[in-house]
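After this come two complexes, each holding subunit A, first together with subunit B and then together with subunit C.
Showing the complex of A and B:
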C-alpha cells in the first residue's frame, strides 16, 4: 500500500489534491481511498488530507501515521508541532516542500530522517494560474509524479474531473491543467522505502480518576490565542508608503482582522505578526499608497 | 456529479453515497437541517433538486426537532421521505423521533455518527445513535461507503413493508466514512426501481379525509398494546430485511446480513464490533492470523431489531469473545456488550470467556497494538475469573499526549488556579 499525506492550510486545496491522486489511482485500476481531516473549518487553519492506494481492498481508515510521501504546501507548517507534519516522517521516501529554497539547504535546516525535496509550486501557480488560486492541481500532480502514477494524460484527467466537481470555469481549468503539466514534468517517481512489518506492540494505560479539575474538560489557563501568529499565513505582505499616505483611515477601518492600528500621528501601522495577507487594504487604499511584496520566508 | 446517471463505479464519500441512495430511491420530500459532518448529504440533494435530477421537495427547517416531525408527517401522507442528521442534532430531535416511530410511519434517516458534547468533538463514536436505540426506529450500521448507499435502498424496503412500517436509521461514522472517498458501485436507476418499487399503499392522510395521528391513549392497556406492537413490528423486520437482502443480491450482486462474519469459520477468539472501525479489525485479524492466532470478527450491522439468534449462533461455541464498543454508558461500560452478554446468557452454548472493551471514543484510533492487546487478554483469560468491567483501549502514548495538553490547559507555570476547595493556590 502507498500512503500519501498532504499538509496545508484551509484554502490551499489539500483536500482536492488528495482527491486528484485518489482519482488518478482509481482511473489506473487501483483501489484508492482519500479523505481530509480538519477541525472547525476555517480558512488559514492547518489541514491535512490523505490518499491510500493499493492493488487490493484497503483495510485502513483515518489519519495516515506512517506516510510513504509527505507534501507540504506551506513551509511555515513545518515549525508548527500541532500541524503534525513530522509525524511518521521516518517512514517517508520523500517529503516535498513547496518552497523556493534548495532542497539541500532546507534538509540541513530541518534535519528530518527522510529525503527532502523542494519545488516552488506557488511560483508555478502565480505564473500560470494567477493570484489567489488554490494549489490543488499542482499539488495533486506533484504527488502523482512522486507516486509514479501516470501517464500524464490520466493524471490530467484526474485533475480535470476534480476541478469540474469544484465548478471551475473552463479557462481556469485549462490554466490549472497547464500548471499541473509543468509540475508533473519537473518531478519523477521516488522508490518506496523498505519497511519492516509493524510489530503492533503498544503498552496500554489503565486510567484512574484524576484529581480535581484534571478530571473535567475545563481550561483554567489564560487565553493564549495571542501567541499564535496568523501572519505566517501570508503569501503577500502589504507595505504602506507613509510619504503618500493621507491618513484617511480606510485601511484601518476595513482590515477584517484588526491588524492595522493608528499611531499617535494617526498613520496606519500593520501588525505583521497577525496580518494574514488578505490584501483588502491594498485593494481599498484610495491613494494607492499600499504596495504588495511576496513573502520569501514567513518564519 | 450533477447531471450524471447512476450505474457506474466511482469514488464517493459516505455522504455522497447516502445522497445517491436517496436519489436512486426517488425520494419525494427532504426536510433538512445542517450539521457537521452530515451537511454534504443535504447539499448534494439540494443541488439535485435545484438541477432537476431529483423530483423532490427540499425544505430547510428551523431545527432537527421540526425536521423529524416534518419527516414523520410527510411520511404519513404516503410520500417517500429522506432526511439526515448527526450527533447533537439527533439528540435535539430525539423527542420527535420517538413520536414519529410511534406514528408507525416509514421514513429513512441517515445519521452520521459524531461523539456527543461535552467536551465537543467532531469525530465519531456511537453514543449519538445508541441514544436513539429504544426509539422504535430500526438501525442499520454501515462499515463502508458502498454499504451506506445500499443500506439506504434496503432501508426503504424494510420501512415501507406493511409488516413493519417504522422509521429506519442508517448509521455511518463521521469523517471515517462521511468525508472519505472510496470506490462505490452506484446501481442503475433501473436496478434501483426493480429493487424498490414506488411507495405502495393508499395514503392514510388526505386533505379531504381528516383523521388523527399520534392520539392520546389514557389507558395503560391501550398504550401497552401499541408499544408492544412496535416491538413485534421490529421483530418482523428481521425477516423482512432478509427478504429484501436476498432480492438486493439478485439485482445488485451484493449480500447484506443482520450480522457479518469475517474469518469466523475456525475462529477460537472473536471480536465483536459495529461501524467503520471494523475495517481496522479486519486488518488486525489478517496480521494475527498470519501469526497463527485463530481470530475472527463478527460485525453487528443491524442493531435494532437485535439479531439475537444470529449473534448466539455466531458466538456461542467460541473459546473467547470480546465486544469492542465504540460508545460508553458512564457507570456501566460498553452498551453493545450488555446486549451480546444478555443474548449469550440465554443461549444454550456460551463462549468460555466474554470480555468488554471500549475503544475509538471521539474517533480515537484503535491500533494494531490495541487489537493485539484485546486478543492477548482473551487468550490468557480463564472462565473461572471474575468478569471485569469495560477496559478502555487507551495507550501510554495517548496518556502522554493527554497529560501534556491537560497540563497546558490547566496548570500553566506559576499561574494562580482555584483548587477544588475554593482557595487559590499557585502551582508550578
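Showing the complex of A and C:
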C-alpha cells in the first residue's frame, strides 16, 4: 500500500488534493481511499488529509501514521508540533515542502530522517491561477508525480473532475489545469519514488482514557487566546498609512477578531501577532489608506 | 431610511473595551465572530456566555480562550437550559446574600442557526415560554458550518450546501424555505426580538443597549457571512452583509412587546441578484444556465415581504 499525507491550513485545499490523487489512482485501476481529518475545517487552521492506494481492497482506516510521502503546503507547519507533520517521517521516501528555499538548505535546517524536496507551489499558483486561490490542483499534481501516477492526461482528468465537483468556473478550471500541468512536469524528473510495501496486518489502537476531573478541562484564564498567534495564517498583511488615516473607526468596527485597537489619539493599530489577514479592513477603509503586502514567511 | 438611534450614533461612539481577544481558531473573516464581538461590546462586561455546540465550539480550545467573560459549553440542543441553570444559580446566590448584587452576570446564549432552528428549538421555545431573563444570539450562517456546511433549516431556497447540492433532479440546490426565526420568536411574545447585521454595527449596538432595559428573553439573530461556506473571499464580508441589507433579503427590524419596527428600510432596493452573485453557493443559478424560474421566485419572495412592510408599517420617523 502507498500512503500519502498532506499538511496545510484550512483553505489551502489539502482535502481536494487528497481526492485528486485518489481519483487519479482510481482511474488508473487501483483501489483508493481519501479523507480529510475531521475537526476544525477552518481557513488558516492546521489541517491534514490522507490518500491510500493499493492493488487490493483497503481495510486500513484513520490517520496515516507511516506515510510514504508527505506534502506540506505551509513551511511554518513544520515548527508546529500540533500539526504533526513530522509524525512517521522516517518512513517517508520524500517530504515535499512548498517553499522558495533550496531543498538542501531546508534539509540542513530541519534535520529530518527523510529526503526533503522543495518546490514553490505558491509562486506557480500566484502566476497562473491568481491570488487567493487554493493549492489543491498543484498539490494533487505534485503528489501524483511523486507517487508515479500518470500519464499526465489522466492526472489532469482527475484534477478536472474534482474542480468540477467544487463548482469552479470554466476559466478557473483551465488556469488550475495549467498550473497542475507545470508542477507535474517539474516533478516528473525527480528520482525519489516511494517504495510500495505489501499491505500488512492492521494494528488496532487502544486509547487510554483519562478519568474524572482530568477529562473535564476548565480554563481559568481569560482572553489568553492571543498567545496563539493566529497571525501565521496571513497571506497578505494590511498596513495602515497613519498620515492618511481619518480615524473614522471603520476598520476598528469591522475586524472580526478585534485585532485592531485604537490608540489614545484614536488611530487604529493592528496586532500583527494575531491579525488573520482577512483583509476586510483593507477592502473597506473609506480613504483607502490601508495597503497590502504579501507575507513571505507565512506561506 | 434609518430610524433614529438612541444610544450610539456613529462608529466613533463604539465602546473601546474588548470582551473578545484575538487568537480564536475561527475562520478569517468570520461574520459570526464579528457579531459576537459587537454584541459583547454593547453589553460591556459581567457576562456569562452559554455556548451551544457549533462553529463557536472552537472559541475556547483548551487551554486557550479568547473570551474575557465566563463560558459554559453545552450540547447543540441544550444551551437555553444551561442558561436557565446559570440564571437560577445567580438568583439564588444573590437572594441568600452569598453573591453581591454588583457581581450579577448577564446570561447570553450563543448558538448557530443549526442549534437554534433545528436541534435546540424546543429548548429555546421552553426558555422563552418560562420568561427566562437572558440574551440569545443566533449567528445565522445559513447552514451547519462547523462540520462542512450541511443544510440547516435556515439554508435559503436556491442555495447550495454540502447536503443539498445542485443536481439535475434538484437544480435549485436547497428546495426548502428558510424558517422565519424572527416570527417564531414573536409568536412566543418575548419583550424583545431583533435582527442584526455586521454591516451596521451602530444599529447592532443600539438594539442590544435598548434590550438591556427589559427583563425576560431578549433575542437577536445576526446574518453571519461565512467565507468558506458561502464561497466568498473573506475580504468581501462587509460588502456582502451590506448587500443583504440593500437588496432587502435580510431586513433589519426589532419587535418590542411584539410590535414590529424596521430600523432600516432601503428606499430603492437593489436587485437580489447582486447579492447572490457574490457567493459561490448561488453560482449554479447563473451557470451553466441561468435558472430564471428560481431567481424569479427568490426575488418575488423579497418583493412580497417588503410590500407587506409598506402596507402594515408607516415609514419610521
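Just so we're on the same page, the second predicted complex is superposed on the first by the 261 of 299 C-alpha atoms of A that agree within 3 Å, B and C clash if a C-alpha of one lies under 4 Å from a C-alpha of the other, contacts with A are read in each partner's own complex, and residues count from 1 in each chain.
Keep this in mind: a residue touches a chain if its C-beta (ideal position, glycine included) is under 8 Å from a C-beta of that chain, and two chains touch if they have at least 3 such contacts.
The model shown is predicted, which means the values in this text are computed figures rather than measured ones.
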item	value
Touched partner set for A:1, first subunit B, second subunit C, both or neither	neither
Contacts of A:126 with subunit B and subunit C, given as first, second, both or neither	neither
Partner chain in contact with A:152 - subunit B first, subunit C second, else both or neither	neither
First (subunit B), second (subunit C), both or neither touched by A:221	both
Partner chain in contact with A:59 - subunit B first, subunit C second, else both or neither	first
Subunit B versus subunit C as contact partner of A:245, first or second or both or neither	neither
Which of subunit B and subunit C A:282 touches, first, second, both or neither	second
Residues of subunit A contacting subunit B in one complex and subunit C in the other	40-41, 217, 219, 221-222
Touching residues (chain side subunit A, partner subunit C) in the complex	10-11, 40-45, 132, 167, 169, 217, 219, 221-230, 233, 248-250, 252-259, 261-262, 266, 271, 274-280, 282-284
List of subunit A residues in touch with subunit B within their complex	19, 22-23, 26, 31-37, 39-41, 58-63, 65, 165, 197-198, 200-207, 210-214, 217-222
Complex contact set, residues of subunit C against subunit A	10-12, 14, 16, 18, 20-31, 33-34, 37-38, 58, 60, 62-69, 71, 146-148, 160, 198, 201, 227-228, 231, 233-239, 280, 283-284, 287
Residues of subunit B that touch subunit A when the two form their complex	1, 10-11, 36, 118-119, 122, 175-176, 179-183, 276-277, 279-280, 282-284, 286-287, 363, 365, 367-373, 391-399, 406, 408-412, 415, 417-420
